[in-house]
Each structure stands twice: as structure tokens, then as C-alpha cells.
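Chains: A, B and C, in written order; residue numbering restarts at 1 for each.
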């Protein structure tokens, strides 16, 4: 047994050594915000009657580390803003919001295991979603088996919501809508594009987006001259781009990920491929897009769940997208990407549902979530019978002179869309 | 509680593995270990992590056959893990166009089909040795998800139309709760967990029989010196193929059960076919002791136990982000300081001192 | 045409990989990590000091040479006598360690060195030849030639080849094995640095962007033949073409095609197209 003792010492030493890694900024309650429009209730004086724990597996390492971090920041802002204003108010009692995160390393299997751990070991009250379709898919199953409500903002694929599950809700617009906004926009522009080429990554989410936009484009009278799927995470897309170029499309659409959107722009420039416009489902929404491409990012259109310049007047503590933008920047020092807004919106929906149910009972809260119908800083939040927020429109942004500008829907557009693309190197 | 089970399991496994233990003690330790694991749902509120560890054990036992006993380090068994899961899913799924067969029919069938596929692949890759074999198997692992997505065979208009989901996720049916007399055993927590335990037990049993059989000795002979083995009458081609097929079968078994638990399957790189899964089986065998009976089990318990310990100690978000680095560091340290794994201390009378590690470090220095 | 340009870069990646493999008999999975370090180094030199990547190339090569030398001498050397699985796993662990460390320090943000000519192409009729790639081709060819001359004509080069052919005989001839190994690894790392510098300009990158190059480098070397420098070049070009033409018919199964080629070569002609004993 001696070596067992020594072995345990070894384990302990390793654990302690690992602990001495620098700790994060304290996750204490944020100071009440003074800038911009304040929340409707007065700043809270700090006596809570209880806590509610919200668990979430988020990818802090691995391939979606960046987006997972953005999601977590969105959750943190929600937690701190609401806590500073009395937390969740259930029948007059104030409950403090606490979050518990585990890193699922961008691995769907790990995410499922960690969700199970959060539910059964850590005994969290409710679940917030992870980042990405694959983990959300797996986690939704665990949530369903355990009858624990989960609201997520970063998994949009049809497959998540076509399983007949009752406990998972997505505040974001479904995958099929991702590029619809772009089509809606371009058909109003002059010269109206007649032909479109579609490039898609070969994962269920991207394929869903691509198939949907292909159908929609045809409905709107455009011809789909090229449709090609490439292996997930490819960075060399010169071959399909050369083929697409040969068909001379007016519009190039891509449904994939940030790395691929960058590769497409760079390689299109190399190949001298200059369609009238580029549209991406993922990519232009992140600042990385512009810092990497610089001038070449201009004129590029991107579908997005949310932008700071939309004009919603929300029934929540953030009220308007502009205010959210300010608060976020104050707390984190950078402007929010839509993934963070997705996360915050999920939290906001929970508060509304719990307060309306007047209880923390999972079944009652689940029913309250299903019955939600309100406008928030994020847009309308209303779940259809399958659990997805179908009525929420997708906006379209365009990079203009190094700034991201909302160009669609027309009633909230900050500026007119620039069209057609004059070609690389001439702007 | 899970952590306690890991530690207790480790202790019992080490007791059972030590050559100086009497046969009676060994039997007692083995049965004790089995008892604890069977009873885990009653002891612990969440069996998911134990499930992961046990299915990983089964898959590691599979790798142990080809990598440990035969000495052919396959870096592509994850392909069979995924294939087994997808085939089982294809048969079990209740989605339109699928068969909805029960698990005790679909899973063994998936295992058999995967083994046959591995046999076919083996005809080609087993002609290679050393690095070449390793990288060729790595290629198999990279290619397999793309084969599953091949439109011509499995797409909407293919030969086996949409068998693997046709680009959309393939769904297993949700496991139902099992009625045993007055008890209702929760489908997810108990049934699936025991199924996972069963896979680990099968892996252990097969390895146990392997170690005592002529086939097993033949594999070890191949590992030590393939030409000499051939000369001594061991049919290396057949033996290697069988070993490869066996390793694929165990990987498929583990994979099918994992798939059943996950319920939804896609071919995305982050899911079943991940590099993590691929290398995990190798790391487990390395930590525990390559080519031994208890090695994979010990390795799995150490690895998962360590992860659980780190999670328990601190869920500080900043710390979580260092997990990837710690895992990589662990790999490097084990390779340098403990290449024969924990079994080094168990099998021989090597004391657990710093000097042993230091000696391991420079043992193969130029 | 673009396939050939891409192929030259692949050949450069394969060159360092091939050297380490041929002489030390290590399949160095950390090669991708070395490429990554060089890419970041080039990026920071460009963004903080304004150094053009082609100018900072020699500097990155020198730095990575140092890193590679120390890495081999102090760490990898410890397992040189062990089985190939052990060295394989060690280099894998080192790669994972570096990638995860960089992920921690520099986050998963995408970066790219963007000198003025980045992604701009020379337009000759229907042909579009990106300047960065053209520059990369010249660098690749120059380095390949220099390596060949070094190994063939210089004394150190000969001692490296000797160690690769027969370690024991070389030791008997008075060659310091450990030092020679470290030197070779350092040169391999320097070549990886060259690839990293060039790649940092041709596309955006993040810490995990280069992991795919390990299997590609392996395939290039296998196809071209271990032990032959021109072989690596040939292998790179072939794969560049495969990449270009696989886009037409089998894009979604591109990796299957590469794997199939790899297997075919390994089974039918394991020495590759131009492979031979004793590196030259």
C-alpha cells in the first residue's frame, strides 16, 4: 500500500502545481453601471435571498476556443448586470445568479459528459448552451433525458430542433435563415444579380445553411450556377474558386467558418475572381476578418444574428443594442460579437421565464419559456413548437472603409449597401 | 464520489495485477473491482465520467492487441470507433428509412462488419511496418469520415441511401428505463452505464484469454522479431490480420456504445472522429503499460481520475484554459519518465522513487 | 499552374521533415509546431517592427535553428535509443504542448503578415500568379539547392550523411553523434522556419492551423522517396497538382485521394519515386 500513498501524493502535487496557475479576475458582482441609459430598477443594495446556479459547458480550448470565449463573456455580462440590479425576482425574493462553467475543449462528447456532470453532480438549477451545433446537439439530448431546461444561443442547426425535444430552446434564428438576409438585400440592389455560386463546408450546419439559401435564391429568381461542398476546415479552396470563377457568377456565397471565409477572400484575390459581391454566413461578423484582410474586407456582406446598430427597444435591462454595446465594451474592453449577444439573450430569456413562472421548478420554467413572447435588446424572443426562435430576423452587415455597418433590414440600416464590388486592389 | 471510485478501482487493479499477490487475493481484488463498478450508479449521482472511462478502456484494450501485443502502433483505430458507432446507429435508428433493430442485435452486427472492413484494410496496411504502418493508419483515420460522407455510396441517391444519415445527424433511439421487479433502472444513468462496463469487461476478458493463448504468444513473437516468428512457424500474415481485426472489433464495440449514449452522431471532427479520441487510447495504454492485462484499465483510471481531480480542485475559468497544456505536458512526461507505464512498478519490484524516474529518463539517451 | 506553386511550398515543408526522418529516423510531428512558431515570429516582427517577411526569413531560420538544436539535444535525445513509437509520441506531445501554449498566450485569433504585395497576383493573360507564392518558389528552390550543396560538398554535411547511413561506423570514425543529430534537427527546424515565414504571408493562421502539414509532409516525402532531395521536390509538386485537380471531381473526399495515393506508393513502391539509401 506504500506506493499507493506515494502515488496519491504525486497526484496531489500535480493538482497543486496546476492550481498555482494565475487566477482570473474576480467573478464578483459588477459595479452598478453609471454610463448610458440605466436599468429600470434602481441599483441593488446587495442582500440576496438565495442563489440560482446556471451551468454551461463552453469551449475555452480547442478549435472553437475563440467563439466559446465570446459566448462565456456574454453570459458573464448578463450575470453581472442582472445581479447588480437585484438578480432574479421570484415573488418578491431576490435570487443571485451564479454561473458554473466547464471547458469542453470544443469536443461534443466531452460537452455531453460535462452537461451530465453539471446536472447530476453539481446540481445546477438550469443550463445555458455551449458553442457550436455539434456540442449543442449532444447537450440537448442530455438535457432532455434529465428534464432540465436549456436555453442556448449558439447552435442553429435544424437537426437540434427536429428531434421532438421539449427542454431545449434556441434564442437565435435557425440555420436556414442565415443567408436569407443577404439574398433579400441583393435583390433590391442595382444591377440585380442573376446568378449565384455557393460554396459550403461539409458539416451538417453549413450544409443546412447552403441548401436553404440555394432554394431561397431560386425562389427569388436567381440561378444557382455552382454548388460545391468542401471538406471541413479546408484552407486551400483555389480549386473550387477557379471553377466558380469560370461560371461567372454575380454573387459568391459561402457557408462555413471564419478560417474558410478568410481563405476564400485571399484566394479569390490571388485568382483574380471578382464577382459583384461576396456573402458569408460566418466570418465578416468577427473583427479578425478585417484585421486579417484589411482593405480586402471592404464590400463583403455577412449574415449576422445581431448588430449594435439594430433598433430594438427591449423589455430587459439592456434595452437597446446600442446600450448593450456600451456596457459590454465597458466591462471587457472590446466590442461585442454576435456570439456574445446570443449568450446574453439566452440568459435574459431565462430571467423572463423564471420570473413569469414565479418558481424554480424545471417543468414550470420550461412551460414559461415555451410561452415567452417579448422583445429584448436582441430582438423578438418567441419559440415555436420545436423550440427555435423562428421569427427573429437575420441582419446583414457590410464592411465599409474598415467599419462594420448594418445594411439590412432596410428600416434599421445605418447606410446603403455598397454594390457592386469593384474588384480587388481598386479600393 | 467518482474520484473515490477511480482511486479505489486503481488500488484494486494494482492488487490484482501484482505478481506477488496470491491467486486468492487476485480473485478477490478482481471481483471487488467488478462489484464496485457494477454498483457505481448506486454510489454516485452521475455515472457519465465513469462511462467515458470504461468505454475508453474497452477501446484501449483493442489498441493494446495490435499496438501492445503485436507491436504495430496503429494511429487510426478511431476510424473503427466511428465506423462501429455509425453502423450500429444505422441499424438502430428509428428515423425514416432505417431498421430500428434492438441494441443486442445491432451492436454485435456493427462490431462484426467493422472487423471485416478492418480485415480488408489490413490486407493493404499490414504489409507496412514501423513509421509507415503508423502513418498509413493515420491516413485511414482521416479518410474514414469522408468515406462515410461519400455521396455516391451513402448520400441521398447512393447505394445505401442515407444509411449514415446522408449528411444530417444520425440518431440512436433514446434508451428506455428498464423494469427489474419493483425497481425502475434509469435508462441513461444505469442501463447505458452498465453497457459501458460490459464493454470494458469484454475487453479485459479477451485480453486475459489472449495472454494465455497460442495466438497471443504468436503476436508477442511477431512483436519481438517478425522474421524469427515466421521461421518458427507463426503465420505472421494471418496472425497480424486477426490482431488488427480484433483491435478494430473492440474499438467498434466501444464506439457503438458511446454512440448509443451520445444519441446524435455527425462526422464532424469535433465529435467521434476527433484526434483526442484517436490518441487517447494510445496514451492510456502508455500510462498503464503497453501489452499488459491490467495496463489499459489502470491507464484509463489514472487519466480520467486525474482529469476529474483537476476539475474538482478548481473550476476557475482561467485555470480551465490550461487543461490542454496539462494534457500535452502529461504525454511528454510519461514518455520521458515512465515509458513502460505504471505497470513497471506493479510487475517488477521497482520501488517508487525519484531515482527510477531519473533512470528511465536517460535509459535510451544517445 | 497554381498547383505547382503550392507544390513548391509543400516541398519546402517536406524538406526539413525529410532530413530529420532520413538521418535521425524520427517522424517528427513537432515539425508543424516549429512551422507555427516561425509564423508567429514573422508576424510579430512584421507588426511590431515592420520587417518584411522575406527580410526576416534568415532571422527566423536562425532562431528556429537554435530552438531545434536545443530541443533535440536536451529532450528528444533522451529517447533516441527507444522504439519509434516512443519518439513518435514524444514529438506528438511536444507539438501538442507548443500549440496549446500558443493558444493560451496568443488566443485563437487569426493573424496574417500582410506586406503590400500579399495576395496580389501577377496577371499574365489567363494566369494569375500570386507574388508571395512566386517568392516562396524562389526561396524553396534556393534552399533546396543550398541543402544539397551543404550535404554533398561540405565536411559537416558529409558527417551528417554518414551518421544517417551507419551510426556505429560514424561513431567509430570519431563523429560526435549527439551533436550531429542536434545539428541536423536544427537544420530541419530552420527549414520549417522558412516554410512558416512564407505561409504566414500566404494565408491567415492560428495556432492549430499547421497540424495538417504533418500528414502532408509525410505523404510528400513518401511519394518522393526518403533519402532524396530532388524526390521531395517532385513529391511536393505532385501533391500540389493533386490538390489543384481534386477540386474538380472529388473535393469533399480530397483527403481520401491523398491517403489512397500514399497507400498505393507505400505498397507498390515503398522507396518512393526517387528514394534511395544514404541521404543525398
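Convention: contacts are C-beta pairs under 8 Å (C-beta built on N, C-alpha and C of every residue); 3 or more make two chains touch, one makes a residue touch a chain.
Predicted model only: the values in this text are computed from it and were never measured.
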Chain-touch separation of chain A and chain B, in steps, is 1
Note: of the two pairs B-C and A-C, more contacts are counted for B-C
Taking each chain's mean CA coordinate, chain A and chain C are separated, in whole Å, by 37
Rounded to the nearest Å, the gap separating the Cα centres of chain B and chain C is 33
Expected list for chain A, residues touching two or more other chains, is 61, 63, 202, 231
Listed in rising order, chain B residues that touch 2 or more other chains are 146, 149, 321-322, 324
The positions of chain C in contact with two or more other chains are 100, 103, 252-255
Interface with chain B, chain A side, in the complex: residues 1-4, 6-8, 11, 14-15, 18-19, 21-24, 27, 60-64, 72, 100-103, 105-109, 112-113, 116-117, 119-121, 123, 132, 134-135, 137-138, 141, 144-146, 158-159, 163, 202-204, 207-208, 231-233
Residue set of chain C touching chain A in the complex reads 2, 6, 100, 103, 107-112, 114, 118-121, 123, 128, 130, 133, 202-204, 206, 208-209, 243-248, 251-255
In their shared complex, chain C is touched by residues of chain A numbered 61, 63, 65-66, 69, 202, 228-231, 234-240, 242-243, 258-259, 262-263, 266-267, 269-272, 288, 291-292, 294, 296, 424-425
Chain C residues touching chain B in their complex are 21, 27, 75, 77-82, 84-86, 88-90, 92-94, 96-97, 99-101, 103-104, 177-178, 181, 215, 218, 222, 252-256, 258-260, 262-263, 266-267, 270
Note: in the complex, chain B contacts chain A through residues 2, 7, 10-11, 14, 45-46, 48-49, 51-52, 146, 149, 167-169, 171, 174, 187-189, 258, 261-264, 266-272, 274, 276-277, 305-306, 309-311, 313-324, 326, 345, 351-352
